[in-house]
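Following are the structures in question.
Okay, so chain A shows up in both of these, paired with chain B first and chain C after.
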Partner chain A sequence: MIGLPALLYMVLVALWPLGQGLYYSFTDYTLTRPGRVNWVGWENYTDMFADPSARRAILNTFVFTFAAVGLQLAVGLGLALLLWRESRFNRIALALMLIPVTVTPLAVGLMFRAMLEPDFGILGYWARVLGLSPTRGFLADENLALATLILIDVWEWTPLMALILLAGLKSLPTDILEAAEVDGASRFQRFWRIIVPMLLPAIFLALVMRSMDAFKIYDSVFVTTGGGPNDATNVLMYHAAKIGLEFFQIGAASAVSTFMLICVGLLAASFVLMIRAAESRLGAR
Partner chain B sequence: MKPSQTTSRRMALGMTAGLGLAAGLATGRSAVAQTTAPMTLNMACMNDPFATVLVRLAPLYAQRTGVRVNVDILSYPELLSRITADFVGRTRNYDLSTMDIVWAGQFAEAGHTIELGPMIQRDSAEIGLDDIYQAAILGIGNFRGRQIAFPFAAYVNVLAFRRDVYERAGLQPPQTMEELISSAQRLTDAPNNMYGWAANGRRGPPVAQDWMTYNAQIGGSILGTDGRPAINSPANARSLTVYRDLFRISAPPGAVNYDWAARHEAFRQGIVAQHQIWTISIPSYENPEISRIVGRTGIMLAPTAAGMAKRYGIGGWGLAINAGIDERRREAAWGFVKWASSAEVQRQFLDANVGVFTRKSVVNDPALRARFPFLSVVDESLTNGDADFRPRIPQYPQIQDLLGTAVNSVLVGTADPQRSLDDAQARAVRLF
Partner chain C sequence: MNRARVARHAGQGALLVALFVFLFPIAWLFSTAYKRAADIFAIPPVLTFTPTLRNFETLFEFFNVPQLTLNTIIISFGTAIVALTLGTPAAYALARLDRWWAHGIAYFFLAIRMIPPVAILIPFYLMMRDVGLLGTYWALIILDAMQSTSFVVWMMFGYFRGVPKEIEEAAVVDGCTQWGAFIRIVLPTVVPGLIASALFCILFAWNNFIFPSFLTNSQTRPLSVALVSAYGSNEINWGTMGALAHFSVLPIVALALLLNRYFVQGLTRGVH
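Here is the complex of A and B:
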């Protein structure tokens, strides 16, 4: 009985809307004619996979998520290790480093768009003039636009990744590390055999949090490229928002959202499996 | 209302808002037929320059009628999604809303807003229908004869050009599209960061809407005479080729990712010699805090292809009333619509440097003409206005999206104009 309020909360706040979304994904529900809702079976899903723009959005979303989160993990872990030692400089550096995290993604997108604009942006103009960027600028080049968005995301969210990993590092028992050092373990051995296995829960938390967030990338795409050039930066969330909020095709948008939910679920599950595999492999050594 | 109260109110208003404002309000009284019982209406309002002026003027309406109007300023996508959710969910958060010219088809089909025809007919004398440009009445908020929003702010597509740049080059501003293309090429001096022309190239609504404007001026049309998509017609393919070539030869390199804000910024920064704009943007060029081209801009009619009939694109906003509210609130909302779209209030918008032109008497006012010389361009454009260069049909959002990707892919060089439009056409016909 004690768990009943939590269960009710789950049903009302999480499960019921999810179920409603799932139901809509099998209908042709459209806000411009709300009185007429017909069951269309898998049509919204087959339409989504038949649409080249949606297929490109799926690919872009996965590329964006893996590249952005992968880079954030690598750089974030490096930063966390650098800031691990307790010192005044490190505390100040950490505080300054967290500034990008506090800025809303929409503002970050607008800021980078203004800076990277090749005709009058402070970075974009000189990059173009010096031949460091394509003539159209980073955001209007089909080969570089997605990579640029990935780097913008890395700039914004790496500090959060570093913070989570740093918290993990600070919670490690120092006696084990000291004992390993006394026993003559090299820095690499200590890192790979002791720090990484013990840090896996923090890595898992950071990966799941950031992957779920990166998979739903919307704001920076909306303000920097609008999904272009062509479909180069079209991502699933942007695609779903367009169908739902511009075309008002709630059924079709729900299908995209349900697909995203399944993808995020699989992504989280795969991280659990990866972490478990890593734990057992490292533990066996 | 007692005469003494009226007099003191006029005096108070005159003290706070100046003589001009008081005079405006005094005549504005005629637009409000009856004083309504005190109530508060909520209005969802597009975040265009008129919004802040409306917020400032709304209390004056409350003083006169007892009807307070809370103006909630929203961005374009936010406005559309909020009012749609409100209308569909029947939550009645908003009594009134600004409605974009291109939403008419969707909203008419859904029946979210009330049909204003009977009210317009009832109050036609009070409204002064003859004073409103035909293009505004037939274009803004009107879908196949049903008036589901009342014309509030008509925007006119005009050509903004740099007088100094044209003078230095010894050229005359373009009268036709052919002259515009030629002058754009001649005025381009890329090594010195000067480009002859700019338009939106960014994927989605920015590039779709700009191309549709030029497409109509070159002789193309998105729909055929049968009302069905004719996206891949030879005329449209030709116009898209012209548009692409203008980008390649005369536009700033970053223009393929320009939206409205970036294009205006490029013009204000002084790197673009000319571009087509909605009249609502004109004042920003004369603001020295954000513009490097103060006093150097000319405004003229948007050129069309040689030999084409006069055809000037118009857009803008209507005021619509939520169909879910009760009769009493509807009448109160209608009272506000009449007041906000009256000639007297439009003058006050102009006093605030915001042009919401639907009234002939305002546009042709000699005193205002002296202050705003471009009003002659507005008059000519509205007299020959074309509200349908963007098809005002329920399928418009999807068509705009298809064009937004098709045209952008041509500009970035991944598709040729005909093939790209063929693809868009094939997908558009499935919507009908």
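Here is the complex of A and C:
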């Protein structure tokens, strides 16, 4: 009974708007051209797949998500292993390392935009002078802008990945690890044969969380590149917000956000299946 | 023996390098606040500078900092109050219901968090426009609290399930009402969870940008939205941005560091 207000709240503020958005996605609803709202069927969806800008956004969003989360997993796992041993040094290092996670994402974008600025930026200037970046800087280059955004995301969220994996490492049964050491398993063998398989549930959990978030990247794109140059960093969330709340093409924007919802659902479902598979394999041992 | 020591020192060295990479940009951001324009636009860029407070003067000249800070506090604390008030009892009820569908509902709250924000924001924006709440604190708090409530329910669900039923039953036998047992016996045992939940509600709302950028106006906008305009022109430059970061970024970073134990708990427990 006491749970009803919260449930009602979710229905009113989450499900109801979500349903409305789904309906809008099949209409030609725009705020700039008042009048009747017409049912247009799948037109918004076919338009989306025909629009080069939207197609670029779909591609970019997937590239961004997989590259950023993949790098975060690799670096995060390394950091978690370094932080594994219980010590004062490691405790303090972990607390300090989590600072980027709390910094306002928008401020992170602004900060890197300033640092990468090719004329006065502390990183951008030297990269340009040493010939590592194009003269207009990393963020203004069609081939490098998305990679730069990926690295910014890696900077911001790797510590979170490391923390979740560290919690996983700390919950591993120590007797198995010790037994392996006594039996003469090398570091390499222990890592790939014992630690990684037992850590799989934690790894998948971290992957679900981070890819859900990376999929809806918005702030750093908005503030560094605005989706440019030439749609090189256009992502779905940015694309939907722009056509919906700046150009007020509600129908078209709703089709994009509904498409995002479907992608997120499929992504989550596939991760859940992988977690199940990993857990049953562990249980079978 | 010696090899183990060498390995440990190498590990610490690697961690120090990582710490430098993670902390240098933040130190740089705050240091720009104390740089003169001449130092900011020096070619080549320099790390040394003559400290000045000029940027804070510019900041207060162009931005109503007290109002922005107040807006941010109203929005983030308002969100936390609404989310905890609604979410905590719901989590308790779900944790105590011994039915298969109670778990299903808990997962439903988790699923809400996965919805791409823009899918709700666009229809919600139109709704708020129709009822005349667009630009008010309420529009933003209602939407922020929706996300946070789903988080609180999921997180507290885990904490409440860790509280043994027996201690409440004992309290009821001793003459406590069901409600009294909840308030006086169960809640005190989950205080760490409540602190962690509140911290995350505040953190989400404080750092959020896309919701306030469309739902607030120039009077109700929070610091995160103002930050965008503290960048760019000649007079309002990185120095102003660094100065504003002292108000928008520093408090939330300090709060998370201060409550580090709860922050870590929330990140590792609340998520699964």
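The rule is simple: the second predicted complex is superposed on the first by the 250 of 285 C-alpha atoms of A that agree within 3 Å, B and C clash if a C-alpha of one lies under 4 Å from a C-alpha of the other, contacts with A are read in each partner's own complex, and residues count from 1 in each chain.
To be clear about the criterion, contacts are C-beta pairs under 8 Å (C-beta built on N, C-alpha and C of every residue); 3 or more make two chains touch, one makes a residue touch a chain.
What you are looking at is a predicted structure, and each value in this text was computed from that prediction instead of being measured.
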Side-by-side fit of chain B and chain C on chain A, or clash: clash
Partner chain(s) touched by A:Met97 [first = chain B, second = chain C, both, neither]: second
First (chain B), second (chain C), both or neither touched by A:Phe204: neither
First (chain B), second (chain C), both or neither touched by A:Ser254: second
Of chain C and chain B, partner touching more chain A residues: C
First (chain B), second (chain C), both or neither touched by A:Phe120: both
Which superposed partner A:Phe64 touches (first chain B, second chain C, both, neither): neither
First (chain B), second (chain C), both or neither touched by A:Phe26: neither
Contacts of A:Trp157 with chain B and chain C, given as first, second, both or neither: neither
Touching partner for A:Leu245 - first (chain B), second (chain C), both, neither: both
Among 4-12, 112-120 or 130-138 on chain C, the segment whose C-alpha atoms clash with chain B after superposition: 130-138
Those residues of chain A which chain B touches in one complex and chain C touches in the other: 119-121, 245
Interface residues, chain C side, partner chain A - complex: 8, 11-12, 14-16, 18-19, 21-23, 25-26, 28-29, 32, 40-45, 47, 86-87, 89-94, 105, 108-109, 111-127, 142-143, 145-146, 149-150, 153, 203, 206-207, 209-210, 214, 224, 227-228, 231, 238, 241, 245, 248-249, 252-253, 256-257, 260, 263-264, 267-268, 271-272
Chain A - residues contacting chain B, complex: 31-34, 53, 117-121, 124, 128, 135-137, 139-140, 142, 225-231, 242, 245-248
Complex contacts: residues of chain A adjacent to chain C: 1-7, 9-10, 13-14, 17-18, 20-21, 24, 79, 82-83, 85, 89-90, 93-108, 110-115, 119-122, 125-126, 129, 155, 159-160, 163-164, 167, 205, 209, 212, 215-216, 218-219, 222-223, 236-237, 240-241, 244-245, 250, 253-254, 256-258, 260-261, 264-265, 268
Residue ranges of chain B touching chain A (in the complex, touch as defined): 77, 80-81, 84-85, 88, 106-107, 109-110, 193, 201-206, 252-257, 259, 262, 265-266, 269, 271, 394, 397-398, 401, 404-405, 408-409, 411-412, 414-415
